[in-house]
Amino acid sequence: MIDMSTTLGTAWFAHPIFTASGCASSGKELAQFINLEDIGAVVTKSVMNKARHGRPTPRMAETASGMVNSIGLQGPGIDSFLANDLPWLVENRARVIVSIAGETVEEYAVLARKLRSAPGISAVEVNISCPNVENRGLVFACDPDASRNVIDGVRRALGGELPIIAKLSPDVTDLVSIARGVIDSGADGLALINTVLAMVINIDSMRPHLAGKTGGLSGPAIKPIAVRAIYQVHSAMPKVPILGMGGVSSGRDALELILAGASGVSVGTASFGNPSAVTQIQNELQFLLEARGFTSLTQAVGYAHRIEEASTS
Amino acid sequence: MSAINKFAEQIRPIVVSNKRVGQYHQIILNVGDVVTNCRPGNFIAINVGGESTRMILRRAFAISRVSTSGVLGGTMELIVAPHGQGSRWLCSLQEGAEIDAITPLGSAFGIPTSPVNALLVGGGYGSAPLFGLAEVLKSRGCRVDMYLGASTGSKIYAPMEGKRAVNTLRIYTEDGSMGEIGRVTAPIAQLIAEGAVDVIYSCGPMGMLSAISSIVKGSDVVHQCAVEESMACGVGICMTCVIPVADEFGVTTMKRSCIDGPVMDGSLVQWNLVGKIPEVTP
Amino acid sequence: MIDMSTTLGTAWFAHPIFTASGCASSGKELAQFINLEDIGAVVTKSVMNKARHGRPTPRMAETASGMVNSIGLQGPGIDSFLANDLPWLVENRARVIVSIAGETVEEYAVLARKLRSAPGISAVEVNISCPNVENRGLVFACDPDASRNVIDGVRRALGGELPIIAKLSPDVTDLVSIARGVIDSGADGLALINTVLAMVINIDSMRPHLAGKTGGLSGPAIKPIAVRAIYQVHSAMPKVPILGMGGVSSGRDALELILAGASGVSVGTASFGNPSAVTQIQNELQFLLEARGFTSLTQAVGYAHRIEEASTS
Amino acid sequence: MSAINKFAEQIRPIVVSNKRVGQYHQIILNVGDVVTNCRPGNFIAINVGGESTRMILRRAFAISRVSTSGVLGGTMELIVAPHGQGSRWLCSLQEGAEIDAITPLGSAFGIPTSPVNALLVGGGYGSAPLFGLAEVLKSRGCRVDMYLGASTGSKIYAPMEGKRAVNTLRIYTEDGSMGEIGRVTAPIAQLIAEGAVDVIYSCGPMGMLSAISSIVKGSDVVHQCAVEESMACGVGICMTCVIPVADEFGVTTMKRSCIDGPVMDGSLVQWNLVGKIPEVTP
């Protein structure tokens, strides 16, 4: 039997496929379709300090092999999350990665402090890259200094206990330098990639279709961008664990991200079309790895980077 | 375990028949035992476009009626308007085609425990779930009146068998091509004033549901409406389908119409905020 | 009859749909399928100073609603282009936009100087954004200073005759500032967008599928990114003409880009699936514009930006 | 006007029949008058996946044979291996399905003006265009020998009717499950040494074509081979399908196999550079 376990920093997971933040709500909703115990972990919808209504509707538009969303981080806020959602997940024996999002460096630190003492959390994903906030200038992940400051604050607030996974946006000129910055500031791993900034215009109303005008593109359309981002960052920092995501909807897709350098893979948009996607992908991946002679998942991580064998000619 | 999506099953039904009816297609699916958990108001979410499609999201359709009696076992009827690429694909399926579906999803119409006077109001294909509902209400001894409206006659869906389940059926079209001319909402105020109705069940365009809510306001008529917001997942995980709804304390939050709906209490939906968000944070 | 003509700087075109650079070779190949006289213009494959072999194969991989290519600017060089390809286009009464690409600021200037005296050119598209060059650090369009220098050099070399259209890459943190820079340096218009940097890993060989490893993602998958880019730039600089492109394969797609702010639309990858795409899209677009009551194409340019009408409630 | 793609037409043929033959599908298309311009070696580029597909590129298939005689007018036969998603879609089409295709594309096998001894070598589905070619060569008075090879018997495509057009047919499989055991290239050297062959026509995997080119080298046997590079457009506009080919002065450039091929002079293809690029710029 192949060893499918993986690690992200100090966190160990028996299985390599995770939900993607914002694509499994708080986990409960999927329990009818997948066994939450049997997947890597539930990555929660990004939690903010206070409750938020999010954006007006329409919040989504389907595009060719993708969708654009602008949810605007609707959620109940951290206190309600810790009081209700987290205990439910722990009770139901799900591993949990809590995703946090803030509007200021301070808000991230406050969130991290609240998580520090909460039981049952395997890691913290820091969403510094949500493209849905009103002012694009405020996207932390597009600014090397701001992203370092966020991670720095979270690191201090959390202490050394929980691994920090910094989630980055692909909408930058130099992804590797942003990645280096957050790792230097104390992140243990990276989540790649968040959605790509995009827009759909409704040709009947002849205006942007989403109430939030721009939104984030996800789904199979962006998989080649995700593979490139993971490959680039793994090339530059082969020891930094990467939680890969972006358009994965089959075991073949997951394998592609793992070969590029991902130690684990989150499945987002695919769950919308198929709520049992996470489990199905995990099973398909295991089969593909076995068929290629791997005896553990970790052998395949970054395998596409191996040095060319001596030519036989 | 979670109670959300409790009865939902991922199934691969076969298309038993597909007939054009006016501007709609009546599609019957061989869904098996899952019908026993289907209630009027629930919906089905269907994958469209086939194996190599670029359409990645499911499409939602109200369950029009279910039957357990036939030789085929449980069947489910849908009324589908060929609207965009996904629904057109569904309407183009031949008998025998296999599809991928999840059902039953969402909330159902509440059924009164004692006999009441019920008015069922449907707009366009919104009449689909009302005939199944009418049968249930009838079996509970309710009086069932039905008003159906559409812009034109070919958009009225009112099958023969369905008519048997209602006491009266009135049809309104904006162009007068079928039934009476005008909007389905026009006569409701008078009915309420006459005390002739206890519960209104509605399904149709958001504008119609909103108009009924205004008319009902101030009366003690209960208004249960099936809302329709664009859905990406249908199972509560994406947060795209939200509607502003007040709770018992008057605090409005954005509720998911796929799991907290589609059937909602019309008096709690904040119609003026649909497509907006509440000013104050919850 | 609706007026479908458009302008890009001082260049006037009777029709609004163009081929995209690198997706119509030198024009000849398409003549069996479309009437070159009946389209906006042929935008040529980017020409360099010397002849180039381009990249080894495999040069492309199909992806979900898209493809990734790494051609590496194979071509005969500017002298052969001016001696053979351009005269053929002029003879066959095609309007021509010549796309140029260089490895140094100087190379661009040399190319521009050679074009200055060539007859039959309507405009010059300056491809400063090809993601296929070996060293990602060398992509001009990702560096504000380098992109300004290129345009500055081309402007001087060309004199005031021919409009310059600077073609930008979406792979940047701040597209608007790059756009402002090249306009300040003398570009008359912008071409948005070039392909998005991407990668496909072959899960059989377990290595990057393309010989060039990374490549450019094009096709319907990237349309929402193109719409966003055009909308953003048109918002910031409403008077600057934009030649829009990215995933357009129907009149509806073209209309979306025009509503976002494009004055003309180039069709690239769609021609691979359908060599008569350019003409078909042009006809569909005309029909859609007429159905919406426009009497000229220019009325629709940027129409999605119009101020909200006073609410009727 | 341009001479490139001169006879190509964008057509919507109907699938007349689709039969499984070993590991392949023999698909016959009703293509109409365009057959009069189709020559052995030409190919057809087909849109796959249907209306809402995420597959955006055409797939190329060699024209196996054409016929103008039937009651259906011009028909064209293809031999398709269900390989990936696109070819599997094509192989799943029912009779009567309409497809979108462009044909004839690419170069054709050169036909000698006087009778010669021709050897036709095919690997896998590469035999498809050789039977049509054999008929033409026969009608010009040539002697036609054919060698077909594959890894296993079910991958040999050699229809009954086709066999009539050749003087001899020898089959080689690597697992010995059909014909002789071994590779199709093995006996060629001896044939050449014996002076029994003037022209070799080959179609199959690049490795086979390359091996034949090496064997032919130094002799005065002409080798025309149909190469197969991954193609995005099939009409010469994308530059993805290039192969390093030397010109008469020995200068190698990257030639498009869709318009300068698929049939090329095997002695000019720089087999050692396939998947690489020439060192010096042209």
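For reference, chains read A, B, C and D in written order, and residue numbers begin at 1 within each chain.
In this text, contacts are C-beta pairs under 8 Å (C-beta built on N, C-alpha and C of every residue); 3 or more make two chains touch, one makes a residue touch a chain.
Chains and their UniProt names: A, B, C, D = Unannotated protein.
Quick caveat: nothing in here was measured; it's all calculated off a predicted structure.
Chains that count as touching both chain A (Unannotated protein) and chain D (Unannotated protein), per the definition above, are B, C.
Annotation of chain C (Unannotated protein) and chain D (Unannotated protein): jointly contacted by A, B, touch as defined at the top.
Put simply, the chain farthest from chain B (Unannotated protein) by mean CA position is D. Counting C-beta pairs in contact, the pair that comes out ahead of the other among A-B and B-C is A-B. Averaged C-alpha coordinates put the centre of chain A (Unannotated protein) at 33 Å from the centre of chain C (Unannotated protein). Look at where the CA atoms of chain A (Unannotated protein) average out and do the same for chain B (Unannotated protein): the two points lie 35 Å apart. Averaging Cα coordinates per chain places chain B (Unannotated protein) and chain D (Unannotated protein) 56 Å apart. Note on chain placement: the centre of chain B (Unannotated protein) and the centre of chain C (Unannotated protein) lie 47 Å apart, centres being C-alpha means. Multi-chain contact residues of chain C (Unannotated protein) (touching two or more other chains): 64-66, 219-220. In chain D (Unannotated protein), the residues that touch at least two other chains are 54-55.
Contact topology of the protein chains: fully connected, every pair of chains touching. Chain contact summary for the complex, chain B (Unannotated protein) toward chain A (Unannotated protein): residues 1-2, 4-6, 8, 10, 47, 54-58, 100, 102, 229-230, 232-233, 235-243, 253-254, 259, 274-278, 281-282. The part of chain C (Unannotated protein) that touches chain A (Unannotated protein) in the complex is made up of residues 63-66, 68, 142, 171-174, 196-201, 203, 206-208, 213-214, 217, 219-225, 227-228, 231, 247, 252, 255-256, 259-260, 288, 292, 303-304.
Contact residues on chain A (Unannotated protein) toward chain D (Unannotated protein) in their complex (touch as defined above): 64-65, 220. Considering their complex, residues 54 of chain B (Unannotated protein) touch chain C (Unannotated protein). Contact residues of chain B (Unannotated protein) toward chain D (Unannotated protein) in the complex are 48-55, 85, 89.
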